[in-house]
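Take a look at the structures below.
You will see two complexes here that share chain A, one where it goes with chain B and one where it goes with chain C.
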Partner chain A sequence: MNAPLLFAGLALLVASALAQAEMQALDDQQLSDVQGAGFGFVLDNILLDANNATITITINDITNGSGQNVPISVKEFYLGATGSNKGANLNPVTIGRLSSPFTLDLNKGENLRTLRDDGVWVQTTPSNVAVLALTFPERLTGTAGQACISGYAAAGSNCSSRASEKADLGIRFDFQVAAGRTDILNIDIAELAMDGSYLRLWGDSARSQLVGEMRLNLYAKSLTVMSCAAGATNCATAAEQEARTITATNLYANIGLGYGKSQPLLFDVNSNGQFTLELPNPTSGGTTAAARNTLATDFYANAPRTNLVIDNLKMGSGSYSTGGYNFGYNAIQGLTINYLKVTSHDL
Partner chain B sequence: MRPTRSLAALGQLALLTTALMAGSAQAKLEALADNELSNVTGQAFINLTTDANAGINYTRVNLGVNLDTQLNMKKLQLGQYNDSTTRPGEVAGSSDILINNFALGTVNADDSINAFKIANPFIELAYEGNKVIGVRIGFGEAKGTLSGDIASLTGNVPVHIKGTGQAIYDVASVGQKLVLGIGGIYTTSVLEADAQLVNSSGAADPVRGTQAGIKNGDGLTCTSGCAPLITDVALGIIKSGDCALLGIQTCFNLDQFKSLPVGNLGVADSASTAAIEGATKGFFISLQTKDVAWRDLDSNSFMTALKGAFMNMPKYKDANGNMVSPINIDFNQAFNGIPRQDTCLGAATSGC
Partner chain C sequence: MTFRRIEWLFLWLALLLPALAHSELQPMADDALSATSGQGGVYLSGDFSINKSGGVLWTTPTSNVASTWTANQRSCATLGASSPEDCGMRIAIRAEAAGGWYVLDNMKGIFSFDGLTLRTRFIDSGFNGDGSSFNQDTLEFGLPNEMKFQDARFTFAVANQGGWRNKAGTAANGGDATYQQTNIFSAKVDGSIRMQGNVLVFPKN
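And now, the complex of A and B:
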């Protein structure tokens, strides 16, 4: 609760043309002693239903081959309880609970923990820094853990969200990619949970910039992408719709970007509006081979790894003889990034 | 404009924060009016192009980013399924693509990084009417070292073998050496051959391949040091069959090729430009429900990717503009493989 108040206060100070008070910066040690209690919240009985609304967006930066803007229509958006049958039967859902809420807090780096793939909690943020952390309902170890995907043990059983606390989510995009041609992507996700996801931000005095680390966990029983508008030509019957649907079943992603101790996530925007996203070499702080080995060993042991697993992926019916295709099991497992620098530029 | 306007806003927020943190800040900040703010435009780093060929429509989302990376993954696995109709004759439990200890880029002894460079990655969908029949992720340009223990591969992986006859003589029997000599092929002769994904019998087999080799019916060509006419006649007769040529092995397990060049690694980038010098164009991994022709970004023609998961490792141009295969090895490397380069920080060299 303190953070918004602080921002509001700062905004008032800036807005006042008569502000004369001299502000004193806190040094790192002082800042690390600042600890708000933070707050937790639960999305109680939430239901978003925009099935009958259409939002048309024209993003100037997304152009077609002729340089013309591509209008994008957003339709059929919903968020509700599981069992919605792709939004046809919507009911409210409560995401998170008081014992495992969403949290936003300012905390010391040494107080924050991350769950490793082997079920061990480790510190990933540096000590003696004040970290602003937004955290989704946390994962749980031991018998309190819930199945992250019902009926699919490989996704783990350390989620806090119970079956009733997962959500169905859907959205449809219509891209007018060319004259007379509209590409449709109608996305429906069933039994979605994002337990253990977080975004952590802090100031890096050596780099003189805001740095962070993030983890995005996604667990879903199914994700379907239909490429036609229900009721349109060739998209009326259940068989026609299935033939135009990509179905991923039992899928999860653990995406880790940044390891605060030695490889914080750096983000910067230059005056031209171009961005740079960087994950530096985690051994760059080591001046000897032994020091670099120590840093590398710690990094490989404790830095969150990225996994992307789809237990079954099919297009159409999944049967080749009827025009569909079964791609089966697909996975990227145990991804670590030793170095990454992404720089945007004009196309 | 929305994303980049957000970026601009982030930049302004960063500036604002910096100003607030400065103890002696005196400058007065002026808010931008809406019309002023509307003039703040970021750059177009996303665009969308369409294409059409043989009744298939394509939509490609291009991302204007340069991406330098060095990464490792325990496993890259695509298309692991058993379907006797779709994949008749394949080993149960095998995958279209399975590479263990996959890595992009390499690490030097002092733990500095040789990044794998990518420019303008894209995602493309292929539509037949309003049905998606394929999706691919590709790189407009790419250069660097790709490493891994290749267990199976479906796709296009051109291999070119070139070297002196010495390596062949080294593994040949006395009788084979006699035949080579009679054919005008000597230890100093320079021989070349194209190879590709084959099965254990030497037949071309781009599906779930575990070996690369000279396919049945293909042979060697001599580019120098051979006896005129005699060698031409001899090589015209001597063809590879059942993974052997004159009894010498011509098929090689993919898993012995541990580190492969993508693009021309011998060309250094220019500090004055953002271009990736010597990059290959058209590296992609795709999934399609049927054989789909994707546009080759280098030749601008269409190339067919087979149904299922498919990896395309394109040729690249050398300094003279000649197309060079990504796996470009001599006979010793063909017989003995290409060793793995270090892709891990610290003490480990792979599997990190």
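And now, the complex of A and C:
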């Protein structure tokens, strides 16, 4: 920079410093109110509709008989307010509450909590680590809790999202298997809430890698999977559509992957370039039998369980006489994963 | 060093202007300040094109047979496609000290939107009764009503090296038989997606 420009810059800086500053020191009381626990965000009057877009997905070089990729077209993708009648009547929806928003924060492991199935908040992340956490609207215990599924008390009433803050979501996949043949999966979810879901990531110094824990909670009034495109041949009338639909009513899933203290979720690419997903043995950190017992006791008491409950599941009409079947109530509850390792291989 | 006349003039102006301006500043009274609320905001329209004609790392070969490519050639056509295609941007991330890489590969395409807004919004009502107890400022990102995509693509893959190497190429052409990349899935978007609403961002205590 040449000299006059430098002087001019200095002159501007000095002049700015002369301007009267109005900054005031925060007193102790004000400072103690500031916790810096990250950002909250709320999706206000959101509507997504990709009906006019052509989205094509190809998965891992899955090929047809001619060695060409099988394209999967994504159609009828929407997210909107409840009562959309499978996306036909889309309205905006507010997801997350100002008092219970989505959050993104960097927190200490000892400050994070997980709601156990018996309603007790427990710490699952190790202490003395900085955890990056993306959290869905948190669940509320006590009287402030809302029904997770309206009209189905068994799903609990500890969601923060009220009926108007649940969403309808749909997506249709068209698998272009061969010329003249397209297989369809049309998925519609009504009154979806995902309260209490989270993804937490931190660095594990002993393993020298990024580890985490994930909890995925899904609550829905109904989930339908239809195997034909609405309006196509044999898929026009309500009876024809019902005959090609799997309907699950009042369903919820709590999927817990990882227990940070002793069984962090390891998702990794190994040095051979293959994807690895691992939940290690929770007692592997103990060197003596007593230490392993302590780890096991803690794991069984506090590790998040996986539940998958469908209040009613039916195929087609649900009636045997018209080719359907009603499976009724189906549930997997209280599942813990003691060890899991999934690795990809090239064929 | 000699200063040209125009440079001296600029220096004097710079010294003089803030001094003059300073004399014009008046403190605002508290009631005047409290009556001021941040109106306005930012309205953004955009048209982005990423690697529409390929990037700088690789040129496009004339065939899809990887063993015939020279050291700086690469085609990102889908399996079984007849003609070669340009490759887009590549980002590789490693989450373990001695591990492999997550790769976002072949990112390219055109994205355009009209009406992305950014402003502050004070909320003390609404939101089904939550607004009045909230009573604070938020940062409001207003989504564009429509976002248009043209041939927008990306591939998610895992690989044992961050940089792409031609596994099938000969050593003379920069080939590396030890390179391993597995494409998990690829996506391509064309057309317009309707996105309406706001994302409200605020500090969370």
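The definition used in the following text is that the second predicted complex is superposed on the first by the 295 of 347 C-alpha atoms of A that agree within 3 Å, B and C clash if a C-alpha of one lies under 4 Å from a C-alpha of the other, contacts with A are read in each partner's own complex, and residues count from 1 in each chain.
In this section, a residue touches a chain if its C-beta (ideal position, glycine included) is under 8 Å from a C-beta of that chain, and two chains touch if they have at least 3 such contacts.
On a predicted model such as this, the values are computed, not experimentally measured, just so you know.
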| item | value |
| --- | --- |
| Chain B versus chain C as contact partner of A:273, first or second or both or neither | both |
| Contacts of A:99 with chain B and chain C, given as first, second, both or neither | second |
| Touching partner for A:286 - first (chain B), second (chain C), both, neither | first |
| Which superposed partner A:50 touches (first chain B, second chain C, both, neither) | second |
| Partner chain(s) touched by A:210 [first = chain B, second = chain C, both, neither] | both |
| Partner chain(s) touched by A:63 [first = chain B, second = chain C, both, neither] | both |
| Touching partner for A:41 - first (chain B), second (chain C), both, neither | second |
| Which superposed partner A:346 touches (first chain B, second chain C, both, neither) | both |
| Which superposed partner A:336 touches (first chain B, second chain C, both, neither) | first |
| Residues on chain A lying within both footprints (that of chain B and that of chain C) | 15, 57, 59-61, 63, 209-210, 269-275, 344, 346 |
| Interface residues, chain B side, partner chain A - complex | 1-4, 7-8, 10-11, 14, 16-17, 20-25, 28-29, 31, 40-50, 57, 59, 62, 64-83, 85-86, 95, 105, 107, 110-113, 115, 120, 125, 127, 129-133, 274, 287-290, 307-309, 344-348, 352 |
| Residue ranges of chain A in contact with chain B within the complex | 10, 13-15, 17, 22-25, 57, 59-65, 70, 175, 177-178, 181, 183-184, 209-210, 225, 227-228, 232-235, 243-244, 246, 269-275, 281-283, 286, 289, 292-293, 295-297, 299-300, 306, 313, 315-316, 319-321, 323-347 |
| In the complex with chain C, residue positions of chain A that touch it | 2-5, 7-9, 11-12, 15-16, 18-20, 33-61, 63, 66-69, 92, 94, 97-99, 101, 103, 105, 162, 164-165, 207-210, 267-275, 344, 346 |
| Complex interface listing, chain C residues touching chain A | 1, 3, 7-8, 10-11, 14-15, 18-19, 21-22, 25, 27, 78-81, 94-102, 123, 127-128, 130-131, 133-134, 138, 140, 143, 149, 158-161, 179-205 |
